[in-house]
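Below, each structure is written out as C-alpha cells.
Next, two complexes with chain A in common: one pairs it with chain B, the other with chain C.
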Partner chain A sequence: MLLIDIPEMEWDETQLVYHALGRLGVEALVLTRSRSPYVCVGFSGGIPSEVDAGLCAREGISIFRREIGGGTVLIEREQLLIQLVIKRDRDDVPAGQHNFFKRFLKPLVEVYSDIGIDAEFRPINDLLVRGRKISGTGGGEVGSCNVLATNILLDFNFDRMASVLLCPSENFRKALRDGLENNMTTVKREIPSVPSYQLLRKLVAKRYEALLGRMERSPLPGPVKNEMKALRKEFFSEKWLSDKGVRKEWREVKLREGSFIAQLPTPRGELLVKSSGGKIISAESVEGARWNWQSLMGKDFDGEQIINIVSRMGRH
Partner chain B sequence: MKVLDYECPENLFYHKDHAWARVEGDIVVFGVTDFAQKQAGTIKRIQTLEPDDEIDQHAPFGTLSSGKWTGKMQSPLSGVIVETNAVLEEKPKTVNDSPYADGWIVKIKPSKLDEELKNLFKAGTPEFQAWLEAENKKYKK
Partner chain C sequence: MRSVSVGKMKFPLDRRYYKGRGAHVWLFADKDGTVKLGMDSFLTENAGFLNYIQLDKKSAVRKGSSVGSFESAKFVSRIYSPVSGKVVGVNQDILKNPRKINRDPYKSWIISIKPDNLKKDMLSKDLLGDPEAIKDWIIEELKKSESMTETVDYLKKADGGPRNRNKCRGK
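On to the complex of A and B.
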C-alpha cells in the first residue's frame, strides 16, 4: 500500500485522487489538504438542491460532487484530509459499511487520543467528542476498492458553512448555524495548543501503518495523475453536476446521526423542525403562525410522517 | 420462503452480490434482496444505467446509496435495459419497503438468458442456503 503524503493539493485534486486510485485498483493512504475552500456534495445529494452556487461563485468557493457517500461538507485549509483506498477483496477488509467504518476509523480515534482528545466512534461513522462531531466521514465502492474519506477538523468556519448551503428561510439558516456549532467541534476548541499539520500527518500514518502494515512512501504515481486528468471530464460534466439528487418536498440538513434541521411545507404553513437522537425536539412556524406543535415532540423524525401528522392536526 | 431473517422468494434467481432476477416472458426484472436492503439501512438514492444501455453479467448496473455509503449493484444477467423504476427517483426507500415488488430497479431484455441463469442461485437449494449463511456471518456487526 502506498502512503501518498502531499502537504497541499489543488482543491479538485483532493477529490479526484481517491476516485482515480480506486478505479485503477491502487491501494493507498492519502494525506493532504486543499489549497482553497470548496463545497463537496455526496452521491445522494444534488448541487442544485443543496448549494448556493451564486454565493460560492462570488466568494471564490468551488463545488464538487463526489461518487461516494456522506453529506454536503465545506472543505477548507484547516482540515487534514485522510483518504484510505483499499481492495475490497482483502481478508482484513470486513464486509458491510458498519464494519468497514468501525475498523478503519479506529486509527483516527487513536490519533485523537495521541493529541489529548477523547474521541469515540459512534455507528455508523461518527467520531464524537462529548457528543459533538469532530470528523466528517463518507465511504463507498470505487472500482475494485473501498474508499474511506474522512478528516481532522483543526478549525471550522461555521458561518461560511451555513452560508453556502441553500436555505428555504433565514430562520432555517439561523437554526442551521446554531445546530452546526452545537453538534460539531474542532481540535482548536478541544485543546489549548493545536498540533502542527506535520505532526498530525505523521501520527495518522503511524496509526494506519500499525493496523495495515508498513506503507511505501510515494509521490503521486504517473498513471494516477493521468487517471485524475481523465476523470475531470466526468466529474465536471454538465450531467454529473446538474444532478438534482432525490426530489424532496422539504429541505433538511443532517448535522450528525439523528440530528436534523428541516423545513417542511404543511397545510398549517412552513414548519421548522429540529431533531436529536432521531426524535423531534423542537417545532415552530416559520411565518410565526401560532400553532400548538407540542404533539410532535418526541415523535420520530420523518419528513413525510410529520407532514401527514400536521395535516390531521386541528387548530388550537 | 424465509432463510435466516431474510425473505427469499422461490421464483427468483439470486446473484452472489445480492441482486435478484425474475423472468417475465422475454423480459427480466432486477432488484436487490431483502438481505441487501437490510444491510444498507434506509436507502437514500438509487441511480442506474439508462434504457438502451447494455449491461454484462456481474458488471455494475447502478449505484445504491444509504447516505453514508455508496455501493454498486452487480447485474445478474447480460442484456439491454428496457425500463427503469421511476418511482425510485423520488422514493428510493421503496426498495426497503418492498424489495421484491414495488422496489424493483430495472427491466432488461436478456441476451444470454439460458446460459447465464446457470450462474445464479435458486432459493431453497443447499447452495443458496450455504451462500446466505456465509454472507450473514461475513456481514455480522
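On to the complex of A and C.
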C-alpha cells in the first residue's frame, strides 16, 4: 500500500485522486488538503437539489459530485483530508458497511486521542466528541477497491456551509445554521492549541500503518495522474453533474445520525421540523400560522409519515 | 417455500445466490426465460436502510459486470449481474422506494434480464443453489465481519461450541 502524503492539492484533484486509485486497483492512504474551498456532493445527493449553484459561482466556490456515499459537504483548507483505498477482497476488509467504517475509522479515533481529544465511534459511521461530529465520512466501491473518505476538521465555516446549501426558506437556513453549530465541532473548539498539519499527517500515517502494515511512501504515480486527467471528462460531464439524486417531496439535511432539519409541504402549510436521536423535537409552521404541532413531538422522524399524520389532522 | 436460515437471515431455495465480486444478488428464473435480480437478506441486514438505487443506462449486461449502484449508510456499492443478456425490465417502484427491499428483499426485484445463455451461466461456481453451499458461504461472510455475534451464536447452536473465528484479521 502506498502512502501518498501531499500537503496541498487543487480542489478537484483531492477528489479525482481516490477515484483514479480505486479504478486502477492501486491501494493507498492519501493525506492532503484542498488549496481552495468547494462543495462536494455525495453519489445520491443531486447537485440541482442540494446546492445553490448561483451563490457558489458568485463566491468562487467550485462543486464536485463524487462516486461514493455521504452527504453534501463543504471542503475547505482547514481540513485534513484522509482517503483510504483498499482492495475489497482482502481478508482484513470486513463485510458490511458498519463493520468497514468501524474498522477503518478506529485509527482516526486513536489520532484524536493522541492530540488530547476524546472521540468515539458511533454507528453507523460518525466520529463524535461529546455528542458532536468532528469528522465527515463517506465510503464506497470504486473499481476493485473500497474507499473510505474522511477528514479532520481543524476549523469550519458554519455560515458558509449554511449559505451554499439550497434552503426552501430563511427559517430553514437559520435552523440549519444553528443545527450545524450544535451538532458539529472542530479541533480548534476542543483543544487550546491546534496541532500543525505536518504533525497530524504523521500521526494519521502512524495509526493506519499500525493497522495495515508499513506503507511505501510515494509521490502521485504517473498512471494515477493520467487516470485523474482521463476521469475529468466523466466527472465534469453534464450528465454526471445534473443527476437529480434521491428525490423527496420535502427538503431535509442530515446533521448527524438521527439529527435532521426538514421542511415538508403539508395541508397546513410548510412545516419546519427538527429531530434528534431519530425523534421529532420541534415542529413549527414556516409561514407563522398558529397550528398546534404538539402531537408530532417524540414521533419518529420520517418525512412520509409526518406528511401522512398531518394530512389526517386536516386543516382544522 | 423451502429456505435455508443462518441466524435470522433466510435464503429461499426457489432461487440462486450470486457471490461473485462480493455481490449478494439473488437470481430468480421466470417461466418466460427471463431472470429477475434482487438483493439477499445478508446484504439488507448488513447494509442498513437502502436510500438510493441508480441503474446504469445499459441495454445489455455482461456476467460479473455492474448493472447499477445503491447507497446505504453513506456507502455506495455496486449491483453485479450473474448473467449476460439484455435488460428487459426495471422495477420503477423499487427505484422510487428502495427501502421496500429492506422490508422484503425477496419480493423486491430490481432488474429483469433476458439471458444470452442461462444454462451456461447457471453452471458458474459463484451462483449457489445448494442449501449447504449457501450456508457455508454466509458463515464465511459472517466470519469476515468485525461483529462475530451472529457467527458465534449460530455456531454454538449448530455444534455446541465456537470454531476458530480469527482467520481474517489485519496485518
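Following the convention adopted for this analysis, the second predicted complex is superposed on the first by the 313 of 316 C-alpha atoms of A that agree within 3 Å, B and C clash if a C-alpha of one lies under 4 Å from a C-alpha of the other, contacts with A are read in each partner's own complex, and residues count from 1 in each chain.
Please note the rule applied: a residue touches a chain if its C-beta (ideal position, glycine included) is under 8 Å from a C-beta of that chain, and two chains touch if they have at least 3 such contacts.
What you see is a predicted model, and the numbers here were worked out from it, not measured in a lab.
Trainee: With chain A superposed, do chain B and chain C clash or fit?
Mentor: They clash.
Trainee: Contact-wise, after the overlay, does A:Ile281 reach chain B, chain C, both or neither (first, second, both, neither)?
Mentor: In the superposition, A:Ile281 contacts neither chain B nor chain C.
Trainee: Once the shared chain is lined up, is A:Ile124 touching chain B (first), chain C (second), both, or neither of them?
Mentor: both
Trainee: Classify the contacts of A:Ile309 with the two partner chains as first (chain B alone), second (chain C alone), both, or neither.
Mentor: A:Ile309 contacts neither chain B nor chain C.
Trainee: Of the partners chain B and chain C, which touch A:Ile6 in the superposed model: first, second, both, neither?
Mentor: Neither: A:Ile6 stays clear of chain B and chain C.
Trainee: So in the superposed three-chain picture, is A:Ile115 touching just chain B, just chain C, both, or none of them (first/second/both/neither)?
Mentor: After superposition on chain A, A:Ile115 lies in contact with neither partner.
Trainee: Between chain B and chain C, point out the one touching more chain A residues.
Mentor: C
Trainee: Would you sort A:Ala95 into first (chain B), second (chain C), both or neither based on which partner it touches?
Mentor: After superposition on chain A, A:Ala95 lies in contact with both partners, chain B and chain C.
Trainee: Both chain B and chain C contact which residues of chain A?
Mentor: 42-44, 67-71, 94-101, 124-125, 137-141, 245-246
Trainee: So in the complex, which bits of chain C are touching chain A?
Mentor: 22, 42, 46-48, 51-52, 54, 69, 71-78, 141-142, 144-147, 167-171
Trainee: Note which residues of chain A are touching chain C in the complex, please.
Mentor: For chain A paired with chain C, touching residues are 42-44, 67-71, 88-89, 91-103, 124-125, 137-141, 211-213, 243, 245-246.
Trainee: Spell out the part of chain B that touches chain A in their complex, as residue ranges.
Mentor: On the chain B side, the touching residues are 39-41, 44-45, 47, 63, 65-72, 89-90, 92, 135, 138-139, 141.
Trainee: For chain A, which residues are in contact with chain B within the complex?
Mentor: Counting only chain A, the residues touching chain B are 42-44, 67-71, 94-101, 124-125, 137-141, 245-247, 254.
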